[in-house]
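Residue numbering begins at 1 within each chain, and the chains themselves are lettered A, B, C and D in the order written.
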Amino acid sequence: MSDWQSSPTATDYTIDELMITVLARQFTNEDQACNGMASFLPVSAFMLARLTHAPHLTWLAGAAGLEPKASKVPASTLESPLWADSVMYIEQYGDFWNYALNGRWLTKFCVGAAQLDQFGNANNSIIGSDYHRPKVRLPGTAGLGDMGSIGKLLYYWNPNHGPRSLVEKVDFISAAGYLGGGSEREDMGLTGGPQLVVTNLAVLDFEPDSKRMRLQSVHPGTTAEEVQEATGFELVTPESVPETAPPSVEQVRLIREDIDPDGMRKREFR
Amino acid sequence: MSDWQSSPTATDYTIDELMITVLARQFTNEDQACNGMASFLPVSAFMLARLTHAPHLTWLAGAAGLEPKASKVPASTLESPLWADSVMYIEQYGDFWNYALNGRWLTKFCVGAAQLDQFGNANNSIIGSDYHRPKVRLPGTAGLGDMGSIGKLLYYWNPNHGPRSLVEKVDFISAAGYLGGGSEREDMGLTGGPQLVVTNLAVLDFEPDSKRMRLQSVHPGTTAEEVQEATGFELVTPESVPETAPPSVEQVRLIREDIDPDGMRKREFR
Amino acid sequence: MTDKLATLEDAVGDLVSDGDVVALQNMATQAAPMALVRELIRQGKRDLGLVVLVGGMAVDWLAAAGTINRLIGAAVSMEQFGLCQQYRAAVERGDVTVEELSETALNARLGAGARNLPFLPTKGLIGTDLIDQSENLVLIDDPFGGRPVVACRALVPDVALVHAHRADREGNIQYEPTILWPDIGIMPKAAQRVIVTAEEIVDTSRIRENPDRTVLPGFIVDAVIEVPYGAHPTSFYPRYGYDTSFHMAWAKVARDAEAAKGFLDRVVREPDTQAEYLNAAGGAQMIAAIERWRTT
Amino acid sequence: MTDKLATLEDAVGDLVSDGDVVALQNMATQAAPMALVRELIRQGKRDLGLVVLVGGMAVDWLAAAGTINRLIGAAVSMEQFGLCQQYRAAVERGDVTVEELSETALNARLGAGARNLPFLPTKGLIGTDLIDQSENLVLIDDPFGGRPVVACRALVPDVALVHAHRADREGNIQYEPTILWPDIGIMPKAAQRVIVTAEEIVDTSRIRENPDRTVLPGFIVDAVIEVPYGAHPTSFYPRYGYDTSFHMAWAKVARDAEAAKGFLDRVVREPDTQAEYLNAAGGAQMIAAIERWRTT
């Protein structure tokens, strides 16, 4: 944990490593982080945060193993090697939701979605117009359908920024974002909601009043125009869009050598 | 378990032993029996049933220890010696009520009450007319307030038959019996209900139509008139009331020598 | 106590009927009672409804074999091995209908079923399109004046299928220390019948050594069957991990109906015993591989 | 993780305020965090509300000392040692008001509190006078057309008090294999703050040896204090049984306010440390007696 603060900015890094550092930055010593399946970038981010700025970040691996000592990212983020040497096995039905629903703990979640729209509504259910006869059956909402409605702060990651995954209107809302935008979510009594969308091209947030998705920063080597072109709706784009801060040399070393030497994080990119 | 069936009728027995045999008779191999605290007679009855006619009767000691091998009745029926060598520890909040509420298991309960009325309504809450300023504060309803409403068959035991414990109308209904009698319970959609009241004087059940308490049998040495006199309301009394069948020599021996050699069952009698 | 010891054939034959709603212990690649799943297919059961929290290969097989025509669950995926393609195709064709529930909604439906309540509420799902998709979810007012909640109607499966580390003949079921998936906590208690496969059947005296490890009491279990490696190819920690090669082999054929049928013929329909199945799945070499999970 | 190690004095001083609703782990003679109960009395806390499933001597002491003015619970009794006479008298005088709930209703209120739901339903209590006695219980219709159920309003205690076998400095709490009373399962998760006493504070590496025995995660715990025999005179299996002599001694004085006060002065107010308390309660001889529980 020694020299991460004084480490110079890296020049040799890949997009997955950049996305991991952006996600890691969202988690502090006061948070409890939790990952689901096939979550190589979030798991790498939690590990990175714990090795650098947030050594006391609590981590609930696979929503089941508390404070594991996983030595590296395994081939599954929902399987036993990940929760090696945990301090607690939290049983999901009886117990995980006690903590997750409570509101005081596990307030931030990294989540993925097949479709995300301009107001941060997510779809993991179906592609098509007929729910019962879909063009594509997606995996299903799992816990996301809960997370969207119970005040959580959601951090979407999307390794494949494109007009099919970032759409004007989702075919089906399987997790509530800002619904129709503006105060619609708030008017229903829902707190929290989508905070950030971290893609392979840019970092996006939501404009406070309209709740429309907004370009926060573009990754080095990408322009705001390229991001807009890869997006299925009009982004709120400030006059000047900064570059996403790149990782440090030490962060890249930690990811490559200690956290994910097998390169599992690369699997998320088509 | 050898000779209990051919054992002759005992002449040397006490009322507690008689009550235990009456309670034991209510439980079969197909039942799951469960006891609460200070339940020396029911615990003795379960042990007796398992040693005689119902060796496969399932027993959940203290609503927590399944199929224990308790060697004898201990000083507490809610403490660890009772559930020695159980096959399972059932956690109460998360689990006991899953089974008890379900409806298919744990259908019969032996229960006690400070007051029981002519329609089998029970009171363990307060004596007096003002709930918030009672003449006597009783222990409280515990699980009985549930059992009365969720279809259970209730077997009341009362070692101190008298006009203060068997009253015309309870001061407060902390467990539902047949309410105002007749079809009132059924009309509310409640199934099950009080089946039997086993006292130190008699065995009582409930007349099927009026749901009034009825004399089923009087213990040897007691008359129907004496039972009526000790009761705070008019009992339904058939023209001829049989004597309660006494225990066998072997049942008495099992109770005295194997089940309760320390005589804990005597503690329930004032 | 009653002797619950059975065979796969008798348990599935006697306790599962065509049209039943079957609750299946499962996660993406974990802890599924796969021997029971294979037996459902072997016996040609039809029109089953399936309840899964997160379904994996079991769902894909049951869809491929035409065993199920509806699914109630939160997700179906084999994680790093991809979506369940046979299931997906069956849903897209309209052969399998889906009641998609969030985790808290499924838990609430099963919790209400177990506890004989008409419903349990959740605050999940509010604002989503999922509420309208199911007749078993409805917004109700908070009688204490707060915001509405979603009432989730009780779900009582006809039968639950479970795999465990140990059981005795009386049906007391134990787990070794490992993550407990939610299915074991509530599904069997909500179901009307319970079939359990176990890595080993032990004497009750062994069960009494660790009463804190018993997860289901014998009185709710209808049949127990000894099936070593009964969760293969899913993982069953701490005994064995998931079978990577097997999952990849299935994923490779699963987009093609004919190839998938050939795979199922070979590993499901032809082997008559668990030993024959394990041989068809790779035998001793496969077993050695899945037992090496700690080092992967 | 944060260091949660504290003293009784600081934990109760910092985390419990006059007027708070305090959830207490307890059964008739079992598993109560008695060192914390004594500290509440020593610090002269007032107007506390107490939540107990089944309260025992702790409730009697807190009533005798005037610490509590209301109770939410299912029962109060010391089983074979009789009713809690000081509590009884306080209720009969009107000094302590009682919200009496059945077990499922209390569980529902706490379960709703833990899960941030406005209420959970029960089918218990229907037909009893208990529903009208509480403003937190109300009959509601089943939206699916069945019979009404009792909605039990969420209960969020300000602080929960718990005793455990082991804890680490980060607040991860373990139980040795024993019956788990319901309080540990839900009360601490419903409460806004959690104070835990443990028979011993151990290194986290010891906790990691048995992750399946951890009952509360450190992130919900605010303070842990090492208090050997911290549940005395209640039982804490498998380590020790309840103290029969001590219970009888209390039962003997408990009908008399002056005698009860003298008892509390001697065992609660005068001893400044747990060691002094244990001495006042009978010292080594008493400890030997409660550790002999297996043979009684």
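Criterion: a contact is a pair of C-beta atoms (placed from the backbone, for glycine too) under 8 Å apart; a residue touches a chain by one contact, two chains touch by 3 or more.
Treat the numbers as computed from the prediction; the structure is a model and nothing was measured.
Fewest steps needed to get from chain A to chain C, stepping only to touching chains, is 1.
When the interfaces B-C and B-D are ranked by how many C-beta pairs touch across them, B-D comes first. In terms of their C-alpha centroids, the spacing between chain A and chain B amounts to 58 Å. Between chain A and chain D the centroid-to-centroid distance comes to 40 Å (mean Cα coordinates, whole Å). Mean C-alpha positions place chain B and chain D at a centre distance of 29 Å. Residue positions of chain B touching 2 or more other chains, listed in rising order: 65, 89, 94, 97, 101, 150. Residue positions of chain C touching 2 or more other chains: 116-117, 122-123, 147, 177-178, 185-186, 211-212.
If you draw each protein chain as a dot and join the dots that touch, the picture is not a line, a loop, a star, or fully joined; it has some other shape.
Chain pairs that touch, as defined above: A-C, A-D, B-C, B-D, C-D.
Chain C contributes residues 27-30, 53-54, 73-77, 79-80, 83, 87-88, 91-92, 94, 97-98, 100-105, 107, 111, 122-130, 133, 147, 177-183, 185-186, 235, 237-238, 241-242, 244, 293-294, 296 to its touches with chain A in the complex. Touching chain C in their complex are the following residues of chain B: 32, 56, 58, 65-67, 69, 85-90, 94, 97-99, 101-105, 150. Listing the residues of chain C that touch chain B in their complex gives 1-2, 114-117, 168, 170, 172, 185-186, 189, 192, 204, 207-208, 211-212, 214, 217-220.
Listed in rising order, the residues of chain D touching chain C in the complex are 116-123, 138, 140, 142-144, 146-147, 149, 151, 153, 177-178, 210-212. Considering their complex, residues 37-38, 62, 64-65, 74-81, 83, 89, 91-94, 96-97, 101, 124-125, 131-150, 172-176, 179, 185, 188-190, 267 of chain A touch chain C.
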